[in-house]
Structures are given as structure tokens and as C-alpha cells.
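The next block holds one structure in the form of C-alpha cells; read it before the comments.
Letters A, B, C and D name the chains as they come in the text, with residue numbers starting at 1 for each one.
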Amino acid sequence: MHDESGRPREECGLCGIFGHQDAAKLTYFGIYALQHRGQESAGIAASDNGSISEHKAMGLVSEIFSEDHLQELAGDLAIGHVRYSTTGSSDIVNAQPFTASHQGNSWSMAHNGNLINTRQLRDELEDKGAIFQSSTDSEVVVHLLAHNAHAGFEKSLLNTFAKLKGAYSILLMTRDQLIAVRDPYGFRPLCLGRLKNGGYIVASETCALDLVEATYIRDIEPGEILIIDKDGLRTISLPVNHSPRLCIFEYVYFARPDSNIFGLNVYSCRKRMGAILARECHIDADFIMPFPDSGNYAAIGYSQTADIPLEMGMIRNHYVGRTFIQPTQSMRDFSVRVKLNPVRPLLKGKRVIIMEDSIIRGTTGRSRVKALRDVGAKEVHMVISCPPTRFPCFYGIDFPTDSQLIAARNSVEEIRVSLGLDSLQYLSLDGLVESTGMPKSSFCMACFNNDYPVPPDPQFTKLAFGK
Amino acid sequence: MHDESGRPREECGLCGIFGHQDAAKLTYFGIYALQHRGQESAGIAASDNGSISEHKAMGLVSEIFSEDHLQELAGDLAIGHVRYSTTGSSDIVNAQPFTASHQGNSWSMAHNGNLINTRQLRDELEDKGAIFQSSTDSEVVVHLLAHNAHAGFEKSLLNTFAKLKGAYSILLMTRDQLIAVRDPYGFRPLCLGRLKNGGYIVASETCALDLVEATYIRDIEPGEILIIDKDGLRTISLPVNHSPRLCIFEYVYFARPDSNIFGLNVYSCRKRMGAILARECHIDADFIMPFPDSGNYAAIGYSQTADIPLEMGMIRNHYVGRTFIQPTQSMRDFSVRVKLNPVRPLLKGKRVIIMEDSIIRGTTGRSRVKALRDVGAKEVHMVISCPPTRFPCFYGIDFPTDSQLIAARNSVEEIRVSLGLDSLQYLSLDGLVESTGMPKSSFCMACFNNDYPVPPDPQFTKLAFGK
Amino acid sequence: MHDESGRPREECGLCGIFGHQDAAKLTYFGIYALQHRGQESAGIAASDNGSISEHKAMGLVSEIFSEDHLQELAGDLAIGHVRYSTTGSSDIVNAQPFTASHQGNSWSMAHNGNLINTRQLRDELEDKGAIFQSSTDSEVVVHLLAHNAHAGFEKSLLNTFAKLKGAYSILLMTRDQLIAVRDPYGFRPLCLGRLKNGGYIVASETCALDLVEATYIRDIEPGEILIIDKDGLRTISLPVNHSPRLCIFEYVYFARPDSNIFGLNVYSCRKRMGAILARECHIDADFIMPFPDSGNYAAIGYSQTADIPLEMGMIRNHYVGRTFIQPTQSMRDFSVRVKLNPVRPLLKGKRVIIMEDSIIRGTTGRSRVKALRDVGAKEVHMVISCPPTRFPCFYGIDFPTDSQLIAARNSVEEIRVSLGLDSLQYLSLDGLVESTGMPKSSFCMACFNNDYPVPPDPQFTKLAFGK
Amino acid sequence: MHDESGRPREECGLCGIFGHQDAAKLTYFGIYALQHRGQESAGIAASDNGSISEHKAMGLVSEIFSEDHLQELAGDLAIGHVRYSTTGSSDIVNAQPFTASHQGNSWSMAHNGNLINTRQLRDELEDKGAIFQSSTDSEVVVHLLAHNAHAGFEKSLLNTFAKLKGAYSILLMTRDQLIAVRDPYGFRPLCLGRLKNGGYIVASETCALDLVEATYIRDIEPGEILIIDKDGLRTISLPVNHSPRLCIFEYVYFARPDSNIFGLNVYSCRKRMGAILARECHIDADFIMPFPDSGNYAAIGYSQTADIPLEMGMIRNHYVGRTFIQPTQSMRDFSVRVKLNPVRPLLKGKRVIIMEDSIIRGTTGRSRVKALRDVGAKEVHMVISCPPTRFPCFYGIDFPTDSQLIAARNSVEEIRVSLGLDSLQYLSLDGLVESTGMPKSSFCMACFNNDYPVPPDPQFTKLAFGK
């Protein structure tokens, strides 16, 4: 999930707590569990009867919060956020939650996803005198709330969210309310749980609920504005005239295997991807091995269905830091070996299948395959637990641009040659859908099939990646 | 100038550079020289043909900027700021410069001073949908610029600054302009200089010009909007229907003695304060000593005029850090002695006069006087190089509130008793004015005489100190 | 491998480089790969024609060395060390390498293991006037070298090492030699490899050779003193009158699975432990799961032999920091869940077998088993890939004392009850030996069978754990 | 006192506390007050009934100790040290106190000064098998104590110190004793005070006593070994067959002006140096100014005696950090101005005398004089409050080598030209002695007159500066 690995990068993870005296601390643990959704910056805002405090910084949750920070984040209401940012340290202005005040109200907002009409909304707001201090969608949304404030609060929510196009799962904290919103397509996940003390938690994935020992209630529905306040739960509905389109890539790569997403367990789903792959492919090999750890679960499914042994052919160094000392010239395979070392006697003279969850740029795979051949693997095959990722995502996943997506420019055979493989097979799109047990129409699979539920703004590409 | 010392606290120092390839670096040295005007946060924004980069943090200039930071702050145009903030580390949102974008323009602003109609301006802006992320005046001013943008740029400047009431010296950076503004009363200083390469510098005090080896040209005039761009200098004038009212406290305490302020050298002025005090007082003593280092210059003037020896009766520890380990119970005079230690044989049995620049809370003075008596001083007199500070400042100096200003609640005799002195004498207001050589009508001396040039908003007190 | 986990703690990992211009950098990568053998402190000493430079600090290799450090560690000869220390931060005096000078010679030494006659050797040395600045065995050994220096260098090596009793693998760096020594029993591993440029590497495990792309030559022999200098390799032999006794626990837990130890691959050996366990046990269950990652390899062996599915029933959070914010009171299972979260739907209603490598204190296991039952596991069985660890180690492994070793005080049935298991089975000692393919007489298995090759000094226990 | 300033560098400051439950904390404050004697490393060792704890690090006292550190330094007995080190960060091995154990005893030692027979003592010890881990004299002394231990403790002290040649003020901490030693010449200061609670303090200067509110009792005598234990004070005397030779440079530069050294107040002494200089010189000038702050006190004496005004012609920036960002090319006088800025209107057209305490390399002075001329000073004269420093110090002051001492290679006239002065005059040696009020024979003035009380070892120069 590191930059250099060419892996896709999720933009965000969200967690909010309502009705617990340790709201900021529980939020901290919630985003701790969601760290895999964004490792560049994190933040928490808490409300103590309308007095907002906030702590945001670049870095990992475990590094940037201290007991002192959490004690200063007083109140029984809090929201938190983890984020992947694409530029440098100056990006702290884009860290979330985003907090602003208007006519005596303070709002904090955190979002996951990507609007596709940001440019148009900003233009309209700037014509009315609005100024912008960041490039986040959250700032745009809070401006809209302010401009709609005269209509009354609930009406202003409806007016505001009705103007947004694209993907958004949002947490909004007011003086005494926690509001959770999911766009009408429901691209990104967001679920509701109950704390032991009766309070509520809203989070991107159920693994956050598990850590704070909350009970899962249900997902926030596509098009739902859920208001949690002292009177309990209340839903306002956005107009929806189409079926949901859930992001299927959450199952392929992003979500933690122990989470349930869109009501379905990720581990089980990945295992089925492997099982279906085993049905679709027929490879004569000595064993199957994952690239740890993301390929582990599909590899188990493949192994059980194909009745071929599973081995852990590459061992992770658990103590790899985030920055590296430059190796010496002679260490040509350094970038692979510092993280993963092949088990030499296991691989020597063997025909192996590698299970990989996806191929984005293809650079990392090439050197890993070479490392296997260097220790004597006789044949190296690779199976991928999704179809080729050929198209960019406009809904919150930071795929590289077209020109860097290897499958956008190359045939499967060309990719095979480029990676130095004996064979390469992808899971079919139908197979991927089958692994979820849901109908094909439930999903956004634009990165595989170019079918975008919300057509992107012509100016969009620039803005989206200029973030 | 530390919090615990009960000294008045200046809010800000400003420096901007136009037309030098190392603009950010020169700005860095400029605010380095102005560090005495604010020690809590600092920041620089630079423009590289409209691409704005920024670095702000809590702490001293020498601590928070690295070579790397300065290299990332590319461009030949930059502004910088140092600030004293009254609350904790969360105050980073109030650090300056403040940067925002509107309709393709990016503006960075830094200010020194305090508006007295902030509340009213924010209300009007919020009614039009504006949201606020900080409590700085700069954010209000940039909002006004955006709301006046339709009028054309120069007209929008005039419209915006005409709405402001109170004290402000402002630097505004656009894509390719450096704009320097001083309010019509000219409360706070701001001067213009020329770099060796032909570029320009604008700064709060001339000591910033000296460090970067620039030549002083003139002060920005009260009510002047000076626009510096590739065509040179151009002035727009705000309507002014009254004479300037310069802050006389800059001479008493804030400005560096090597600076010229409002066209007058601070060292010379302070020396004259001491000389006039010597005329006004007649104290029979063995020598005069300053509390280092702020009383040094008036003490020299006093010594030369009264023909009484000058001695350095208390020695500073040059290695005092900003935080302290708690002393043991037996160390009752710790807070004085860790910074200043009396020279025992010098003081024993002697009648001494202390020169102090001002008394704000009176707490520090009391323990220092006690330390002198503990080592055997026979008589301890004190002379103050300004009149009693009895009234709050609404124009940018963070005096404590009325209830904490010792002279607001006590007669001079009561203060003398409270400090444990044999005698206490203040410089007269006329004597203070005389030390400047300027007419009395030139100055704001509200902290001494309750004559406020711009009457504060009734709601002001709360806002001003709630910052 | 964290303290709170109750896992056994290895004392040290070693790496030395001879004959490479980037000796310190290669040593850095060597100890980077050996980080699992000690995480508390690390250090490197380098010799540039006898000018010794050194950097040691508390913390992980990836954190405590910078490019600048490595450049200052000039020379083509270097040794490095990672260490687990049992006390606090003040323990930097015990960090290695240990460097001292004597009659113009500088020696740096690093060791893995534990002498059992330290007390006696120190007494003798102190009687001759020696003073000690640390409690490391290395300091004792260097003192002995100095006291034997008159005999000539090679003779002094023989005299010195002949006096040592216990376990030691040692690297000694002189002005221009790298000397590698293994005690006559060969308790701890040490192997020799060849760099691509013709230079040499000596390291605790072959995974260090892999990272720097060196070729394995052979192990340092038990009782061998190997001198590497500009003339090549030269061996002096210590008198040996018994067969080697290799530490079998290296296979059970310590060594990385991708390493070869004592000539045998660890992954393969662990897989065989699982396979033999599957033969020895007969458990009717739905699947076998490891506690990640140490149980992975034996679980694979068990799964393949027993033909029972392997699942990854608990998912690691890859972003767990080394210190934790205290959880709230309601989070009772926090210490398990923050690291490992059970996959709820996988476990619900299932009969599961857990593969664990060893049980030391038993505390961690208990809460993990509870976490599985909490999500609905119907039966929880556990198999251990070694016999009960009943006795302390005097040769370099920091097992807890007798009173904390759960198997020292409890029967298997009592442990089963304590952990809340449906069944608990350990691998037999013969099975463990069989997994290595070597004769039983090759091993020290004192922690299992109380058969100590070198009887510990009566005073030993105190000293060993007072380190 | 920074390296780049070419100022002489003191090696050390010492403080020890006996009989106070907060011994480490009081020691901390003691070395805090002595920070001017060494700014590179600091350390404290404390004894809690023989259990020694220690904290040492590179950096300032105020930076490297926390409340936590002081609490871990338990016990009612402690010694501390500040040190100037001539090499890089790796020098932590040379930080003091130095702690070692021998036959159940633990000794911690800290020293100020320099032995001239270190090489010979080390040779003898190494012949007996001793090894050395640092290049400090303390390590040599502790070795000697161990080798003499058989003689009984007090005899071992006498035997040990009788072997030392050169300058040493030493604190030695045993299980329950604080031992203070001054060499028979008494080169370096050391004084004894009484704490309010009845305990004792020993420190290099009385300013340390002042901060912890202790009462000065007396100096440790030259040749005295003072043992402080539960029975009180007890003195053993080293054989002395010559008069003391106190370092006169302590008065010229090192000691704090508020301290008493060798029984005499430093401020008063420096003032007399200025007064005598005024008698010896006759310069027609407008005023005298010091380079702050070291020249302040002699300048006051000169001003009062010559009846010429004193001015503070250069202003210090109080916020200068210890490292600098590189200036731009155009800032040629940066290194002066960043610290000291001339007061332009004060200097313009004036004839000024600068008071300087000493000239070592001459580099700093040259650029400061230039800065004064640049702002228009008409004449610049300089007077120095000591004679030319022509010879190296072998007793603990880190003067640069001969070739860098400007007065070792140049006549006064040549120095005047080199510094760009109108005139330059030094205080005479007799004048310097007169300022102390003590007989000439009391002092070591070898740096001025080449008369070394203890002739340095021919090999000495190399070792002394190779430290």
C-alpha cells in the first residue's frame, strides 16, 4: 500500500462517535482500525456542547495522537478521518476533518469519495464571494451548507446534498448531532453500530466496530441522510432514481478481510474469488503462493478448490521502516528483498503459481517474479483475483493515470511478457461478480468495464488528480 | 517577554520581499530579525508566478524552518509573519500568513494590529454565506476582497480597507504583487526598503532591513495602499480626515533598540526617556542598574544625566530554556534566580535605583526586588521610563485585562508598597512625548490616558481577548 | 515478540563485513534483516585502517541509522549487532558492539549467547585491577584479551576463549581483521558468506546474506576461531571433547523461516513439525488456523498432512505502533483486538484448531482463545509445534523465570483449562527432533528436558537475569 | 562562546550534592547555572545507597533532562557535569560522569582540567591489562583507584592522586561518599557550600550555590581531598611543596560575573581591569562600548575611570538559534549581523572605543569592526582587558593551537592592522594582576608569559587536542 509499490490508494476512512464520554478516544481506536484506508494524514474533531477542538497531522494514527491530545478533545461527540494524500507535507491544509463556523454554528466534516462537479460548485460559490483554503470536497460542502442555512437545517442538508454529483460517504458533526450521509449510488461504504453504553458509532468498515466492541446495526443506505441526536436516529432521504452502484474494488483490495462491507464479509468473498479462479484456470504446478498479505485469502480459496498445496514462498520482514537507506550498487534486487525474501529450498526447481489481487503499474510484480526465478523456480505462473484494471476511477480511488495503468495500454499477453511469467490469467468479470453473490447491477465496475454511473465532468481529470 | 513575566505581548511582526530570486530566504531572515515581536508561531508564503507555497508552525523562526522548507518556498515574491498567540498549540489555525483562493486568484495575507469592527464585518459576511475557519482579522479581510472582486482589483482594495476600523499594518501577496497597507491612523509601524539587487522589502522595523542589507526608503504612510509590481511602486490613498496616531508604546518596550520606528531611532529615544526621568526625579543613590536587557538604554540616559554610576547588578543566565523543571520546595526564589542572579558584593549595603521600562502586572518586579534585598541592598528605588499603564489596548497589544493591570487598580504609592520599594517614580506623559521629539498629537497613548482614537465596539473586549 | 506477549526473547543478532568499501552499509542491511533477533538496541562499529567509529542507540535499526551515520562509519571492515535488553533506556551502556583500546590496539566485539562463568571471570579480573562499565559478556572477553596480550595475538585468542564457559557466537574486529568465534558446543548459529566483490560476511542467519546478495559458504564450526584478513581465511581450533549441542529452539521460534540455520532451512523444518503433529494428534475439526505469523508454517504442514483446510482466522492490523493509548474501560479485549481481529463469519459455529509455536507464560493465548469463542467458535483446540517448555535457558534466550513459565508449574491438562481450550496437544520431543532430520545428540534441548550441556554456576541465575 | 566565534573554550563545570533527598534535582540546577562552562554534553549520576543511575547526553542541560530523568536518578547523593567537546556527536563516550564498578564498589567521577601525564599513566595501566573505552582523564583516574584498592580506600585515594600531574578539580561519588579533590596547584576552581537542610554542595563556581540557595563555606584547598559522608567533612592532604597557581583566565573570561572564584568576585575584578586599562591608555573618543555581553563589566570600569560615556553600540538578537540557514550571496556581513546589529545613528560620525575581554583568533573582531565602520563610525579603537594570549594552555582550556592564536604569530601593531582598527591596546600583565588584588605568584598566567608550573609531557600536545 506504499507509494512505490504501484498499488491503488484509497483516499479515506471515516469514524464518528455519538453519546460516549470518551468519544474522541473511541474515534481514535476507530480510525486506528481503519488505518489501511489512508496512511498520510489523520485527524479528529470533537464537540463539547458546541465547543469544537481538533487535532490533525501528517503521519500514522499511532504516531500523531498522544493521551494529552485525546484529553483535550473533550465531549461526547467526535468524528475522525484517515487520508491518503498525493502531494507533500504541505498538504496539511487538506487534512480532515474540515471545521468552519457560520452564524454561531460550528461544523466539522470528513468525507470519503470524490465529487465530479466540484469545479462547477466552486465557480458558483466563488461568484457569490466564497474563498477557498483547501482543495477538499468537504470545504465545498460546508460552503453549500452555509449558503443554504436560511432554509432551516434539515432543508439545508437536502438542498446541499442534492447538488453534489459523484461519490461521497460523509460524516458531519454539528454542536450536538452526528450526521452520516451516503450518496445515492452508495459507491463507498459506511455502516452504523451501537456502543455498549447505548451510544452510536458510524464507520467505513465493521473492523472499526469490532475494536471498540460495538454491535453492527446496518449500513447507511445509499441516498440516506442519517441524523443522530439526543432524540435518537432520524432519516431524511435524498431523491434516488436508480439502483445503487457499490464499488466492487473494496472487495478486491481495499477493505480489511475481517470487515463486512455492503453487508458481505470480505474474507469469504476473496476466498470465493480464488475458488472461481481455480475453476476458470487449469495450471499444472507444484503449489500456489500469495504475495503476502493481500493475496493470502484468494490463494486459500484457490488451493482448496484446485487441491494444490498452499505455501508461503516469500517471507515478509516485519521491521521494515517507511524510509530506506539507499542500498549499495551491487544490491540490485534490494527493493524487493528488503520487504520479501524468497524461501530458497522451497522454490528451487518448482513450478509455482502466484496469487495476486490486482496489477496496477506492474513494476513491483516484475522484480518479485525475477527474485523467484533467481532462487531457482522452474516455472512461474500468476493468477489475478480480478479482471484487468483498464480505466481510471473518478469516485475516490487514486489509481494512476491511464498512461501508467499497465492494462490500459497492454494486452494480457504483453503484460505476461513484461512481468516475465510463464502464464498469466485474470479472474473474469462474471467470476468476480459471482464471488460476491450479488447481482451484477449492484456494482460500479468502471475500472474494469468503462461503465461510469455518473459521467465525469470534462474538466474533471485535471482537478481530481491535481488534489 | 515570556508569558509568566507579566510583560505586554506584541501580536505580530511582518516582512515581505518583492523581486528577488531568494524571496523566501530573505523573508526568513526578515522575520528572524523581528522575532521579538512574536514568539509563538511563524509562517512564510511564497508565490512562484501564482503558484503559492506556504509553511507555518508553532515555535521560533530558527526552529521551524529548514533549508528544505525554504527551497520549497519558490518564487521571487514572499511574505512572512511572526505572532504571539494567547492560547495553546491548537492555535495553528490562527497562524499567518492566511492563504485562500477565489476565482483563480490566490491571496496570502499577514497583518499586525487589531480591527475593532470584526464582529460586525463577520456578521455581514456570514449573512451572505461566508464561513470562517479561524478567528484572525486576515480571514475577514480576504473575504471582503472576494466580495468586492467584481469592482476590479484596485477598487476592491479601496472598498475593502475603507470598511475596516481599528489598527492594521497589512501585507497582501497576489500572484505578482506585494501590497502594503497601513491604517489611516498608522497605529503600527511598516517601512519600505530597497534590496541591493533592486527589489523591495517591506517590514515592521528597520532591523529587518539591516539584516538583509537593504536600504531604508521611507515608511508606508498612514492610509496608504502601496502596490509593488513589475512596473514599480504605485500608491492608492484611503480617505484620511484626521492626523496619525502612532503607538508610543513601540518606543517604550516593543521595538528593537537598533530599529528606527516612525522615522525615529529607538535607542536614542529610550536614552532620552532616561535622561528626562533623571531631570524629573531626584534620588540619592550609589548607582543605577537596569533589569536586563530592556531597561539598559534608559538607564544609560539616566546615568549620564544624573551623573550617577551605571552598574549591571543582576546577571542573566544565557542558557535558560523555555520550559523549566519544577524546583524543589526549598528554592523559593527560583523563578527569579534561574534567569537573573544578583551580584552579591556589588549590592551589599548599597542604595540602588532600578530602571524598568514599564510595570504591567507587577509580579515579576516584586520577586526581583526581594532578591536584591536578600543579598543586602540597603535601599531599592525604582524608576519607570513611561507613565503608569492604566488602560487596555484595542489596537494590537495584548495587555492583560483591566483587573490584572496593576496600575489600573492601584495608586503609585500602593504599587510601591506592593513591590517592596523605598521609592517608585514614573516618567511623566509629557516627558515621554518629549523623548520622541514629536508633537503630542502624533501619538496614540490610550494605555496611559484613556484617549482612544477609534472607540472600541461595545462587544469588542470579548472578541479581542477571545482570540 | 513483544514484551507483553510473553514470548521468549532472543538476546542478539550479529553481522560483520570484511573487504567491502561500503562495509558499514552492508552491515546495516545485515542487521536490518536480523532485526527479529533483538529490537531494543542496535549498533555498528567500523574500522578504517584502525580508526574506529561507532554508532549505537536504543531502538530499531530502521530508526536509529541515517545516511549520515553510515558515511561517518568509514572503512572496509565493520561489525553490527541487534539486542534485546531487559531493562530500561539507561541500558545504552550495554548496547553493542563494545569497543575498547589497549596498547595502541582497538577492539570492537559483539556477541550472541550467555557465559555461565562471568562472575568468576570478573572476580579474577577485578583482583588484577580491572574495572567494568557494563554487564555485558563482551566487556569480560575484551579484558581477557588485554590480559593475555603479552602471549601474542593468536595465542591470546586461544587463551581467552578457552576460559569461557557457556554459549557464545562472537564477532571481534581488530584494526584489519574480522574474527568469528563459536563456542565448542555451537549453541548459537553463525555462518560465513561471500560478497559479490570477493569480500566476506559473517552473520547469525542466512537471511542477512540474502539481503546483501552474498553466497553462503559454510557455518562457522563449533569451537572454531575463524580469522579473516587480507591473506584470506585462517582457522584456529579450540579444544573440543564432546559433540555439538545446537539450540533446537532456533527452529521452533527464533530464526526467520527463510533462513538456513545449522545447515537446515527453517521453513521446511517448521512444516515438518506440523506434519508430525498431524500424525501424533487426531482432532476432528473444520479447519486449522495459525496465530499469525509465527504459527503459519507448521499450520501448513499440519493442513497438508491431516488434509484439513487451512484458514487465516485472525487478521493482523499492520499499523500497530509500539506504544498504546490506554483503552476505555468498556474495551476489555483491547489488547488482543488491536493486533488481531477474528474473522467473524469464518469462525461462527466452527470447530477450529489453532497452531501455536510455543506457550511461554500463557497469558496472551488465553485472551486470544476467548476472542475466538466470543465470535462463536464452537470448539477451540490447540496444537503446539514443540514440547512443553519447562526449564530456563542459560545460553542466551531470555525465557521468563521458572515461576512464570506456565509449563514449569502446570500439567498439560491444567494449561488446557487455564487457556479455555477444548483440547491441547504438544509435539513430542522425538517428533521435534525428527522434524530436523538430525540425530538427537546434536541438540541442546534443556528447556524441554533439563539436560544442560554446561552446568550453570550456582550464582548464575541472579546474574543472568540481572543483565 | 560558540565555536565559530574563535573564543576559548572551557572544558567543564562540576556540581555535587550530598545529603538531600532531591540530590539529582539540585545537581541539575547546579549544572544549569554552570552551563557557560561547557555546552556540548551534560550528565548526572546519582547513588541510592550504592545503586547508581546515570543520564548523559549531547546538548544543553535545559534540553536533555526531563522530570522523568530526574525521578529515575534516585538517592540523596549525586554529581553532575557539563562539558565542551571538541569533536562530533560520537563523543558521547567522553561525556561525564564516568561510572565503573570494581569488586562490588561503583564509582562515578567527573573532572575539570587536564592531566599532562595521561599517556604515561595509560601505558603503565595497559601493561597491567587495563583497557580504555574513552579518552577522558576520569577513566584513567578510576583505573588507578582500582589498582590501588588493596591499600584501603583512603590510602588508595592518596596513592592515586599523588600520581597525577597537571590540572584537576574532581568530584568522586562512591556508594555513600562525595569526595572533592583539587590538584596541588589549584589551577581550576572548586568550592563548598551548605544547603538549607544541612546537606552539602560542591561546585565550580558560587553561582551554582546561589541558584539552589546554598551558603558558601570555603574553597576546596589546592591539594585537598575532602571526603563528605554521614560523619561530616574530613580532609586528607596531598603533599604540596609549592604555592598555588590559580588560572587567571577564569577572571578574564570564563567565570560568570556574579560568581566568586578563588574567593574573589568576578564582576568587581573585571571592572577593575577596565579601570586600570583606562589609566594605562589615553584615547580621545566619544564613548566606549562593549561587545556584549562579555566586555560589559570592564567597559563600565573604563567608563567610570576615564569619565567617558558608556553606550551599547551593538544590539544582540536574543533569539539566535544554534544552527543557521545559509544566507544568500548578497548578505556578506550575515555572520555578524544575525547576532549583533550596530545602532546606526549612535555610531555615525563617532570616535568609539570597543572593550573586548580577549582576542584569540581575531576573525570575529575583524568583521565586527567592519560592521561599525559600515554604519559610519569615524574612528574605531579597541582595548583588551588582558595581555596578548600568546601560548597554549595545557591545564584545561581549549585554546586553539599556536598557529591559530593570532598573538602567537603577530605583533600588536600587526593585529591592529588585521582588525582594521585605529588603535589597539592590551592591559599589562601587572595591571591584570593588580585587578585581582592578589600577589603575582598566586597565578598561572602561562598563556600570557609562557611560565608553565607543570612542564608538559613532550608527547602532550598531540594527546591533549586529540581528545
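For the reader, a short list of remarks on this structure follows.
The rule is short, and it goes like this: a contact is a pair of C-beta atoms (placed from the backbone, for glycine too) under 8 Å apart; a residue touches a chain by one contact, two chains touch by 3 or more.
Worth saying up front: this structure is predicted, and the values here are computed from it rather than measured.
Here the chain-to-chain distance from chain B to chain C, counted in touching steps, is 2. Summarising the inter-chain layout, the chain whose CA centre lies farthest from the centre of chain B is C. Centre to centre, using the average C-alpha position, chain C and chain D are separated by 48 Å.
Per-chain CA centroids place chain A at a distance of 61 Å from chain D. Note: centroid distance chain A to chain C, computed from Cα atoms, is 38 Å.
Counting partners per residue, chain D has no residue that reaches two or more other chains. Taken as a graph of touching chains, this assembly forms a single closed ring in which every chain touches exactly two others.
For chain C in complex with chain D, the touching residues are 53-55, 72, 88, 90, 99-103, 107, 125-133, 142-143, 146-147, 149. Taken in their complex, chain B has these residues touching chain D: 20, 22, 25-26, 28-29, 32-33, 35-36, 39, 60-63, 65-67, 70, 195-197, 207, 210-213, 256-258, 260, 265, 267-268, 293, 296-297, 300, 303-304, 309-312, 314-321, 323, 325-328, 330-334, 337-338, 341-346.
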